[in-house]
Amino acid sequence: MDKLELAYWIGLLKDQVITPIFGDGAFGVLVQNVIVAFAVFGLLSLIALFLVWWERKISAHIQQRFGPMMTGWHGVLQTIADAVKLIQKEDITPKVADRAVFFWAPIICFACAFAAYVVIPWGDGLIVSDLNVGILYIIAITTFTIISLLMAGWGSNNKYALLGGMRSAAQAVSYEVPLALSILGVVMVSGSMSMQEIVKAQSGWGGFHWNIFFQPLGFFIYIIAATAEANRTPFDLPEAEQELIAGFNVEYSGMKFAMFFLAEFVNMFTVSAIATTVFLGGWNGPILPSWVWFLGKTLFMVFLFMMFRWTYPRLRVDQLMEFAWKVLLPLAFLNILYVGVVAKWLNW
Amino acid sequence: MVELVKEFASGIYNLVLGMFTTGKHLGRHAITIQYPKERWEVPERSRGMVVLLTDHETGELNCTACLLCMRACPSSAITIEVVKDENNKRVLTGFNLNYNICCFCGLCEESCNFAGIKLATKYEFPAWDKSELQWDIKKLQDMGMDVPYEKPERKKPAPKKPVEKKPAEEKPAAEPKAEAKPAAEAEQKPDDTPADKPADADKTEGEG
Amino acid sequence: MAEQLRTETMTVNMGPHHPSTHGVCRLILTIDGENVVDCVPDIGFLHRAIEKICENRTYPQCIPLMDRFEYVTSMMCNWGFALATEKLTDLEVPERAEYLRVIMGELNRIASHLLCIGVTGLDLGALTPFLYTFREREDILDLFEMTCGQRLTYNYIRIGGVARDIPPEFYPKCRQFLDKIDAKCDDYEKVLTENPIWIARNKGVGILTEQLVLDYAVSGPSARASGVNFDIRKHDTYSIYDRFNFDVPVFHGCDSYDRYRARMAEIRQSARIVRQALDQMPEGEIRAKVSPKFKPKVGEVYSRVENSRGEMGFHIISDGTVKPYRVRARGGSYNHLLVTPEIVKGLKIADLVAIFASLDIIMPEIDR
């Protein structure tokens, strides 16, 4: 295996360090898993911090501003400074809030955002656990985020928060359907729900046998549904600042708010990673090591989402629902029909 | 059906067009500046901090304590303390400016005939406490030390002796409307400031 | 089943501290889910008693107060008050001063419309056009600061003329700005006008019928977007507007989208007026002689100017002393706020925000 591949070094670490020390019994496996969990968690936290900074920079440059400039080189440490500030802040729980629900909402949101990374293939052989229903697992686990938003909206006992929570529930229910259906087309072609298998199915043509070339419609639907899924403008209705002030997280402060905030960025990275894996050939690509391809494609998708956010106005709630059920859903069925007929016909 | 597709396509086209417009700006230079590090050059007419001007030759304030600025101030931010010395000369003893209520309208500067008060281009004078924003004559003078200004043609009447008479005999030179003064005391009759003040300020001629 | 599903309306306080109420307006909303059932505006959070304060100030001292009356277009407020006072006194304004007033007023109108368009985008979630319009607005404010020393409270247009002549560097900068404003407007239009989301959010939303316009005395671009062709500059000419060649854009859509388009069109028309004014401007005096103890004749007057948000009028009663006996100011936003409940009923909260922004309501003009 190529020495540039991370999987090679991780395998080396496992063989040379962990197994000799902890053995390969149950304890050794436990230690291994804990290390992997922490490694993924740490990496994702770093990515989330980076994305926050990156979004601020991109928005600033689109708007011909500088963005953060003071902390570190071009303000790269700004997010860390913000996080430190948020941790120091008083953690306020409103008097009339439903305390348990209010407390657990950000934690669930945070945990679910990270849990999706169990099945994301970062590179060749670089996956925490290659579940054979990987994509289904992701769709299931990301839906939990919506429950946490609903909990936050309800638990805050605030009218704006409640409206935000309700909107998020309605939106999630509507957009889950076209999202899942658009992925279904790919699953039909690759014949597996395992993320690794989906990526491997796209490895032809020197690593450019991407699903997007065969299912552009599916990709289009996925992008739109994913934007809604990640609560990004133009579908950021649950937290529409100008209408609901901040929607579901209006009552949150300090670390709990930071959890929601980071979870939003992790979610954005998740949907980008899925788009990469499912439509853009995952880690497939020539010359460069696989993890670089994966990160590059994913960050490009993230960039696209950021451009959406800083360009478009927000849809109204009824238009949002209408769009999901009257436009996206028929298109998604059309896509499945097209994949079913063409894939069978041409035998991809 | 064709209509629908057409509409859909134009919608997508315009969405992409919008993205290109914002994307075009992505590569452009920022138009803002990093404020504390770099500063914008404020136009010379900018109305900022109100200061008292000093005659650099004599080291005395240009102010003649005529109270015109105090009367012109719409928010009564200026308080002037004047005493009359033995030969009935008006002596400025105190000049207080309350920045809490000052509205930076510039009427005081306009009303002054002796370049005594000016709205300088300085704009940074925050304070922790409201009481720090009540400036006395010393502070106002210190802040005005480095403010450039044009000496008015009309000389300050202070150095010589007949101070009480000087403004009174100066007045007929530039006073077109006597009926407007009902029963104002003779020495504080305001001259016609606005008329000649802008006149020397703009020797500008347009190109258009 | 239907009886078990009992729903009730909810009362929500929108404001006074809400990002979309443009100042401190409180809207007491009764909402049924997302639908607005009732909307009661509650005003007075920004009340500064400007009219009353004017009674204790001399006429020249009132002008800086008028800056605060409607701080987005302070030039117009200065102008309106000065115009009313001049009418009261039959004061002749030098010709160059009239041209300077027109230039400043129209530039201020552009600045105000840019603000409105940017804020409408902001309220609908498009954050970037806001910064773009502000970029151009900054250029105008630079011109103002160069001329009169302030960026917001100008205190420039005085009774009998203007405060100072424009500096020589004003001309090239102003021409430069006028040259680029059309291209910049095209830029905004690329991001907004044809954007399907923008159209979906604005078209057919907030129908302000012609009847409502007449009933509530709505004026300005909002009225002209409802097919009412009324512009004080054209139809009750003041100053020297009869010397310029400009169109009054009238639209018939009655909705938020046409109100936005009316403003966009007016920016271009205003730029046209400024170009002509710069070309025609004569040399000469800029201010009639007015003493600080200026006394108008006994009497009363109502005079109006076309502000960027509608008719702005000043009613002054003079008793012949140095201070006005009574000043009453009229701003367009008050009528716009009054008509808002009529047109938002049955719409969504998000629409309310869009309508509020498109009517260009700002609170200082209402509360005074």
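Residue numbering begins at 1 within each chain, and the chains themselves are lettered A, B and C in the order written.
Note that a contact is a pair of C-beta atoms (placed from the backbone, for glycine too) under 8 Å apart; a residue touches a chain by one contact, two chains touch by 3 or more.
Everything numeric here is computed off the predicted structure, so don't read it as measured data.
The chain with its C-alpha centre at the largest distance from the centre of chain C is A. In this structure, the chain pairs B-C and A-B differ in their number of contacting C-beta pairs, and the larger number is found at B-C. We define each chain's centre as the mean of its Cα atoms; on that basis chain A and chain C are separated by 44 Å. In whole angstrom, the spacing between the mean C-alpha positions of chain B and chain C is 27.
Centre-to-centre spacing of chain A and chain B amounts to 56 Å, using the average Cα coordinate of each chain. Shown for chain A are the residues that touch two or more other chains, namely 62-65, 310-312.
Shown for chain C are the residues that touch two or more other chains, namely 128, 132, 135, 191-192, 195, 197. The set of chain B residues touching two or more other chains comprises 15, 18, 21-22, 25, 31. The touching residues of chain C, counted against chain A in their complex, run 10, 12, 18-20, 33-34, 121-128, 131-132, 135, 191-192, 195, 197-198, 200-201, 348-351, 353. Listed in rising order, the residues of chain C touching chain B in the complex are 57, 60-65, 67-68, 128, 132, 135, 138, 142, 145-150, 153, 155, 158, 163-168, 171-172, 175, 187, 190-192, 194-197, 278-279, 281, 283, 286-287, 289-295. Chain contact summary for the complex, chain B toward chain C: residues 10-11, 14-15, 17-18, 20-22, 25, 31, 42-43, 45-47, 68, 71-74, 103-107, 110-111, 119, 176-177, 180-181, 190, 192-195, 198, 201-202, 204-208.
Listing the residues of chain B that touch chain A in their complex gives 15, 18-19, 21-23, 25-32, 34.
Residue ranges of chain A in contact with chain C, taken from their complex: 59, 62-65, 159-160, 163, 166-167, 233-234, 236, 240-245, 310-319.
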